[in-house]
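Structures follow.
Below are two complexes that have subunit A in common, paired first with subunit B and then with subunit C.
On to the complex of A and B.
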């Protein structure tokens, strides 16, 4: 298989194919993501409604997918902390009976695979997608799974990725695979 | 009532994360849904929570939301008539 494009996001930097395309020393991931969105001129207002895990996955995917046709690109992602970051935020909104205001907009992000849904919606993908929870990044596992999809002829490309985020600790490693 | 309209615009932008929308862009009679704000069904649920949290109004019949959330004007009028805080 060929790995054609690679994006890494960590330590307030977005690196595509070994080139830093955005860097900003902000205090929080939210601020970093907002600045990156503006700088990359993504023009997709729904981005602001996403939780941080989806923002991370979305940013890493956008710089690879761009505006090309990805109707035959599948998605295989994984991380360690699932949607725990958002799960805690949701829990906070329902902890107190006196201040009980569960947020529907936060609730919809209390599953990790929502982030691949966001990418699919943006690029109108109706291909296979999968999200695995793993102890650590296992490239062989993701590649083997992706190869099966490619060999089956159900997709021409697979966007693979490790998108880990919990509180202010985050890392995305996303790449495109073809046969 | 004018203050309430302005307050609502601020709160809607904040609660619905409409980062790219300026207050001046939301006119009092503009449709909140199906218009330029791009609001969806999850946003409608957030507005129901906003009524409860900020103004103490529990919407007994969610079907009335369509009428109440038609515009800033209709929302402000409903809040004025029904608020408990």
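On to the complex of A and C.
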């Protein structure tokens, strides 16, 4: 398998193929994501409605997928904290009977695979999707899973990666695989 | 030549029983787990398929020494134990857990994350209990998780990474999930009626289900079902609403049937998703018609079990294999009057039938869909 185009996002930096394409000094992930969105001129207003995990996965995917045709590119992602960042926020909205305000706009992001849905929508990728939860980044597992998708002929490429976020701790490592 | 992969054993824990035969008998009698319950303090009772906690505890005590497990973990342990006891766990045995929300109930009133809410910790705790030798794999793809877990096992075995696999799926009814579906106004005020004109929403359910999957038959199997094909395609349309065109489900079925080399006229039975929301039911009708599967007998199990989220796909796969083994199609409970714009052959009464090829489908939030084709051997 060939690994082309690699994106890493951590410590307020976006690195593509060893080159820092964006960095800033903001305190929070939300601000960092907002600045990155502007700087990369993404022009996709839905971005602002996404939860932080989706924003992270979206940014990492965007710089790799660009405007190319991805109608045969599968998505295989994994992380450790699932959607717990949003789960925790959602739980706070239902913890007390006096302050009980569950919101459908938050609840929908209490699933880790929503970020894969967001990327699929942006690039119109009606392709194979999978989201795994692993206790740590396991590149071999993700590559094994991606390889069998490629070999089965169900996709020509796989956008593969680790998209981990909980509160202000985050890391994305996303890459494109072909046979 | 790719390896052939089979499901040769299974078990489930549901409100209708703590093993497959009690579930099957209850289904034949038309019993449903969906009953009006008061689950959440200060909130009106609603219809849900809930496992009686006292019965669960009694059953657990019969089989396990009292240990520190959550209610959901007890459900998982009960479904896995009889299976695990019948096989050797080797370095080539995978353990695949699928769940939508796992131990999410532990999050209530917490200021930091309890260890138990991490799905990988839940999986490792179960793996350690039974002595699995490989690292657990957790599949968490909303409501298609259970179907997808079967596909993951098949694909990893075919890729030569494992020889056999235990797949377990489970989700429990929690305030977290109930309040969320309520905020979408998706929860029905009556027992759910998939595909029916008078449907008014979903019922939430809970269950665990476990299957044993292997590439090596021993001739001692009571039954075996070959996993012929699978696919999980995204709608790329909307994160919380199914596609009107059914694109993702259509493509998932098409890919799974292509891999299975099984044409529409060969499919004997469809175990569909059928949540009883108008959007889902309509989307499925469109997708099945696009695949020319509208004549194939079809049911939704949601009238019996409610929607058990990530567990539903695995539980419903087990029931569809039971159907094939007994040569009996189970009625799509609570369906009376056609409530979709395109024809489907929805099973109104239990009936005898020869079932060789099964199509199982599921769809979920995030625009995800999954389909697998099983062959009774």
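Odds and ends about this structure:
The rule is short, and it goes like this: the second predicted complex is superposed on the first by the 179 of 179 C-alpha atoms of A that agree within 3 Å, B and C clash if a C-alpha of one lies under 4 Å from a C-alpha of the other, contacts with A are read in each partner's own complex, and residues count from 1 in each chain.
By our rule, contacts are C-beta pairs under 8 Å (C-beta built on N, C-alpha and C of every residue); 3 or more make two chains touch, one makes a residue touch a chain.
Since the model is a prediction, treat every value here as computed from it, not as a measurement.
Subunit A has more of its residues touched by C than by the other of subunit B and subunit C. Judged by the touch definition given at the top, the superposed model places A:84 against subunit C, while subunit B stays out of reach. Contacts of A:22 after superposition: neither subunit B nor subunit C is touched.
Legend: residue contacts after superposition of the two complexes on their common chain; A:45 is shown touching subunit B, with no touch to subunit C. Of the two partner chains placed around the shared chain by superposition, subunit B is the only one that A:34 touches, whereas subunit C remains out of contact.
Of the two partner chains placed around the shared chain by superposition, subunit B and subunit C are both touched by A:104.
Once chain A of one complex is fitted onto chain A of the other, the partner contacts of A:125 are limited to subunit C, with no touch recorded for subunit B. The residues of subunit A shared by its contacts with subunit B and with subunit C are 102-104, 108. Residues 16-20, 38, 42-43, 45-46, 49, 52-53 of subunit B are the ones touching subunit A in the complex.
Subunit C contributes residues 41-42, 100-102, 104, 107-110, 113, 117-121, 123-124, 135, 137-142, 148, 152, 155-156, 158-159, 161, 175-176, 179-184, 231-240, 247-248, 251, 255, 259, 364-368 to its touches with subunit A in the complex. The part of subunit A that touches subunit C in the complex is made up of residues 75, 80-82, 84, 87-88, 90-91, 94-95, 97, 100, 102-104, 107-108, 110-114, 116-118, 120-121, 123-135, 138, 141, 144-145, 147-149, 151-152, 154, 166. The touching residues of subunit A, when paired with subunit B in their complex, are 34, 45-46, 48-49, 101-105, 108.
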